[in-house]
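Input: structures, listed below.
Okay, so chain A shows up in both of these, paired with chain B first and chain C after.
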Partner chain A sequence: MNVLILISCLGLLSLFVGLSDSLRRYSLQVIVAGVLALFVLNFFNWNQENTRYYHDMVNFDHYAVAFTGVILFVAALVFMLSKDQFNFDEKGTGDYYGIMAFTVAGAIMMVSYSNLAMLFIGIEALSVSLYTLAGSKKTSHESNEAALKYFILGAFATGFLLFGITMIYGATGSFNLAEIAAYVNGSKDLPYLFYAGLLMLMVGLLFKVSAAPFHFWAPDVYEGSPNIVTSFMATVVKIAAFAAFYRLFSTCFGGASEQWEMILSAVVVLTLVIGNFSALAQSNLKRLLAYSGIANAGFMLLAIVALKGDAASALFYYSIAYAAASLGAFAVLILLSEEGQTLSIDSLRGLGKKNPVVAVLFCIVLLSMAGIPPTAGFFAKYFIISTAIANGHLAVSLIAILTSLVGIYYYFKIIATLFSAPVEGSENTIAEKKSYILILCAVIIIAAGILPELIISLLR
Partner chain B sequence: MMTLLLIVLPLLGALSLFVMKGDSIKKTAFAISLVTFAMAIGAWINFDASNLSQYAFKQDWIPSLGISFSVNLDGLSLLMVLLTTFLTPLIILSTFDREYKNPLAFYALILTMEMALIGVFVTQDAFLFYIFWELALIPIYFISLLWGGENARPITFKFFLYTLAGSLLMLFAIIYLYLQTPEHSFAIEAFHKVILAPETQSWIFWMLFIAFAIKIPVFPFHTWQPSTYHMNSTPGTMLLSGIMLKMGIFGLMRWLLPVVPQGCIDNADYVVILATIGIVYASAIAIVQKDFKKLLAYSSIAHVGLITAGVFSFTDNGLRGASMQMLAHGVNVVGLFFVADILFNRTKTFEMKDMGGIRSKAPWFATLFLIILLGSVALPLTNGFVGEFLLLLGVYEYSNVIAAFCGLTIILGAVYMLMSYQKTMLGETSAATKDFTDLTFNEKAVLIPIAIVIIATGLYPKPLIDLVEPSVQYILSFINI
Partner chain C sequence: MNEITSTIQVVPLEYYIFLSVTLFSIGVLGMLIRRNAIIAFMSIELMLNAVNLLMVAFSAFRGDAKGQVFVFFIMVVAAAEVAIGLAILTMIHHNRGSVDINALNKLKW
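Here is the complex of A and B:
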């Protein structure tokens, strides 16, 4: 709980550090040290007796603490990744970190809320910060376009979300999750007002997680935003959105599952098909990652469809595997852009020869994304599929498995490119760079693949 | 423990190559694969075939999901391990006179592949089986992609996606079966205990069968095979045809028949008919091939078609024959692909019409080729005869009409193999063969052990049949309830 207050303070601190000309170059160290300290501090919330704070506005149960831990750790990695991305002599650099810290605060609210009002505040804190970050490359046309697109569509989705919350309040008379759950389980015939509210809420959340058919913003926003912001969106934001989604549906709406299960199953299928098949046609690495993010969203939604049993731990494991793989991919992307290369897949040609270490590490990351054992990505997909099958969702699971074959195709296309001969007469490859984040991600992927029990037993 | 060592040793060997340089890489790789073979022989010496779980090693891996790292050896597993560990050193040795770019990665991948293959053959846990099954695919993907010939990329992709599609169906079936086990376990004994309704067994059967059929490959799932074999480097083709396809047949025997016996019985007719079509079709195409390597690829489809039909005869002879023929086919096909490699290396072509008269130039080569070829056409007193005879016997007990068609594999096989020998070895020397040199020391070192095994197991197959007999009986005990 104190983590939530402290991360907001850390954001403020970053702003002040950024103001001072002499302290500004320490911005990065301050934020990384702060977030890592909070990551450690967060563990003290594990197994506390009293988990509810602020008149039951937030509830730091195991689920919340576990996801907060992941969010903080991933955020720290993203900050480290930003080392060479900002010019620390320039005024306003501290602002980036300040705003990102506020985003993390919003994310923590989203995984720990026990009141719909808190969920809304969390989502808004996160989204508004992100709108700013998406446009933070002020002179870039694409960055501005991304910010505007994201803002307009995001505001629209927020409207849906708020409308949904209001209707649920109208039907149940409460914002509190426990009371809504009691209402859902207690009454036989739920009023239409409630279903309308549920549907609106779902639309709002589906937009935030970029599920089809509400995914159109994602590729453009991902492509236009600065790399570091995109990696932030693809990891921290996505994990928070899914954790919030699952928390809401598993606590409140489990009793009314027959009303939304079919709709959500259809969304899963649509998301998997659209995400994977669109990724197939991409030649730009960043756009491909955006579509693969959509496809991954389909898989994570499947955990929400399954809802019961081990779905929470499956989602948790998936978040870790997905974050590690995405960050690894973005680390490579950032290496490429530092060398001033285009972000097309073809610019990776010959990497296997010029820089075998990065190529092999990237290969591990891609294998994990494709879901090849024994990487974390395989177990992530496996846990979700097996939970879904266990809860009787055979058809959707089969579609999920088959569409992941399409995923394998485009991931392996990149692998093949990595190890193919470089283009004649061009020097366009990252020759001697290395990335510690990439190494760390690969280690996490392998370790989580060899010892999955450690992670999934946390939320059991 | 021994079983675990058999898996770990090649993997450690692959890692150890990274500190090596130059020529010592391939020598170390060869030495490691040889030590692994020696260990497999060691396991065989003290082996009691009637005990179906020897050298067992079990360690909980993901206990909450009932997944354990559980491996052991029975007669059938040991036979497959012997095949794998016997062929791997030969495959490595066959590269000694050739230059392969980036040897470090090349030999490390071959050893990793050996590790995964042994893992597939010894595991007792369905989840672990799937992991090794997939793991075997990754090294061969890279070997095909990076050391393959013309059009390596599209062909590798077709092969890779095709097999992965099958694997994913298998994964789905495995998860479904796991959820039906009373104690929620992936152990093979738990799978044996699952009783499913016949309709459910049928669709589980097809999911698993398609996965295995793609790997074998059974008609009509074979379309990836000829181009993949043809394009691949010789070691890649040898790994694929010699060992990897046996994964599919082994999968039928260990993971399909005992697990969904009713599904197998209900659908056996379809499978046997598909296999028979494959035999006739592939043999017919092999006859008209002008390219020697392609001819071998199609002949391989015909041979494995017969093995599949034998397995689905559900008879003692059929399964025994399948085991023996897996061994024989593995040894022979590796020998034949090496013969093709030697021909290509010296004449720069696979076209048989450009060759001829090699026998007079290279008597060693011609003689060893002839022995391997006779094994392949199942001449009595060679290893091929033992396997194919038992298989045909098994299929005959199943249906005599089908057996008549299956018998074509021997007749047609003799036609195209002897024709190819005649075209390449006999007659007048051509422009391409006039400077044909005889075998080098390393080439002899590959082909002579193969020839010895062909004759030895053909003359006296009893120890091997005795080795697999209890496993075969065990498998059949599920079918004949």
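Here is the complex of A and C:
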């Protein structure tokens, strides 16, 4: 709970640091130090006796503390990645960090809520900040368009989410997760109002996590937003959205699972198929990552379908592996764009020769995304699929395995491009540059792949 | 408070539900059909206000203030959202001179 308050204060602080002409160049150091300090402070919330605050509005149980830790760490990495992305002499640079800190505050609310009101406030604190960030390249038409698309579809999704919450309130008479759960488990025949609400709530959340058939905004928004914002959306925001989704369904709607399981399984299949097959056709690296993000969303949804047993720890492990891999990929993307490259896959040609370190690290990242052992990506997929099969979702799991074979194809296509000969007469690769974030991501991927038990036992 | 509650309860609850669902659907249709971004904003507001109406009705029929408190949250957030949305629109109008959604076709696959 202290983390939630302090991250909001940190956001305010970076706004003030950004105001002063002499302090502005330190805004990056301030925010990174602050977020890392909060990451450490967050450990002290583990195993507290009293986890509920503000009249049971938030509940910092193990699940919430673990996901808060991941979110803070990933956010710190994104901030470090932004080092050369902003011009610190310009007025308003501190605003980016301030708004990003507010986004993180929203994300922390989303993983720790125990009342639907807090879920709503968290989602909105996160989304409203992101609309601004998506449009933060003010003169770029793409960025404008991304912001408007994101805003309109996000607000649309919020409408559905709220309508769902209202109907559930009408049926159960409460916004509290524990009271709703007691209602669901206690009554045999749930009213239609409740099911309608559940369906609307699901539509709203599926929009936010960019699952098919509500995914169409994601590639456009990812492509149009500034790179650093995209990497933020693909990691922090996605993890928070899934953690919120799982928390809601595992606490409240476990008792009514036979009603929504079928729908959600269909969504999982659709998301996996659309995500993986659309990724095949992409030539722009950023759009490819967007579609691979959709495919990953399918996998994380599978953890929600499984719901019982080790699903929480499988989801937790998956989000770590996914965040490390996508951050690595975005680190390469940002290196490319700093060199003034177009973000097409072809511009990676010959990277293996020019800069073998980056090429090999990127290769590790891609192997993890494809799910090749011993990387973290393999165990992430393995844990989710084994939990799903243990809970009797064999058919969906088989489809998940088959579609990730398609995924292997396009990830390997990139690897092949990396190590192919460069096009004659073009100096089109990143030479002599290193990204420490990329190294860190690769280390996390390998370490989590070698010692999966450490992470998976946290939430058991 | 009691007087207002009993006044709200004069109309049966189903009618409130029908009205809200109708308003909400009009909002959704407006979002999907109209191509002007300002109209899209209005449709979003209509959706949120349909939710507010339903929330207040449920709250009054249950004699429970929680729903009405939630309405305040929705109002505040809706105001914040529209402020951001209008800022984005101003920016787009500044760059392109139009707020037609069809003109936004730079990003496609």
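Basically, the second predicted complex is superposed on the first by the 460 of 460 C-alpha atoms of A that agree within 3 Å, B and C clash if a C-alpha of one lies under 4 Å from a C-alpha of the other, contacts with A are read in each partner's own complex, and residues count from 1 in each chain.
Heads up, the rule we're going with is that contacts are C-beta pairs under 8 Å (C-beta built on N, C-alpha and C of every residue); 3 or more make two chains touch, one makes a residue touch a chain.
Only a predicted model underlies this, so the values are computations on that prediction, with no experimental measurement involved.
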Next on the checklist: Is A:L280 touching anything from chain B or chain C once the two structures are fitted on A? First, second, both or neither.
Outcome noted: neither
Checklist entry - Just chain B (first), just chain C (second), both, or neither: which does A:I372 touch? => result first
Checklist entry - Between chain B (first) and chain C (second), which does A:P452 come into contact with in this model arrangement: first, second, both, or neither? => result first
Next on the checklist: Touch test for A:T139: chain B only (first), chain C only (second), both, or neither?
Outcome noted: second
Next on the checklist: Under the stated touch criterion, which partner chain does A:A33 make contact with: chain B (first), chain C (second), both, or neither?
Outcome noted: neither
Checklist entry - Is A:I152 in contact with chain B, with chain C, with both, or with neither (first, second, both, neither)? => result second
Next on the checklist: Can you tell me whether chain B or chain C touches more residues on chain A?
Outcome noted: C
Checklist entry - Looking at the overlay, does A:F412 come into contact with chain B only (first), chain C only (second), both, or neither? => result first
Next on the checklist: Does any part of chain A touch chain B in one structure and chain C in the other, and if so which residues?
Outcome noted: none
Next on the checklist: Show me the residue ranges of chain C that touch chain A in the complex, using the header's touch definition.
Outcome noted: 17, 24, 27-28, 31, 37, 40, 44, 47-48, 50-51, 54-55, 58, 62, 64, 66-67, 69-70, 73-74, 77, 80-81, 84-85, 87-89, 91-92, 95-96, 101, 104, 106-109
Checklist entry - Residues of chain A touching chain B in their complex? => result 367, 372-374, 378, 382, 385-386, 389-390, 394, 397-398, 401-402, 404-405, 408-409, 412-413, 416, 419-420, 452-453, 456-457, 460
Next on the checklist: Under the stated contact criterion, what part of chain A meets chain C in this complex?
Outcome noted: 117, 120-121, 124, 128, 131-132, 135, 138-139, 141-142, 144-149, 151-152, 155-156, 158-159, 162-163, 165-167, 169-170, 173-175, 193, 219-220, 223-224, 278, 281-282, 287
Next on the checklist: Under the stated contact criterion, what part of chain B meets chain A in this complex?
Outcome noted: 61-65, 130-131, 134-135, 138, 141-142, 145-146, 153, 156-157, 160-161, 164-165, 168-169, 171-172, 175-176, 178-179
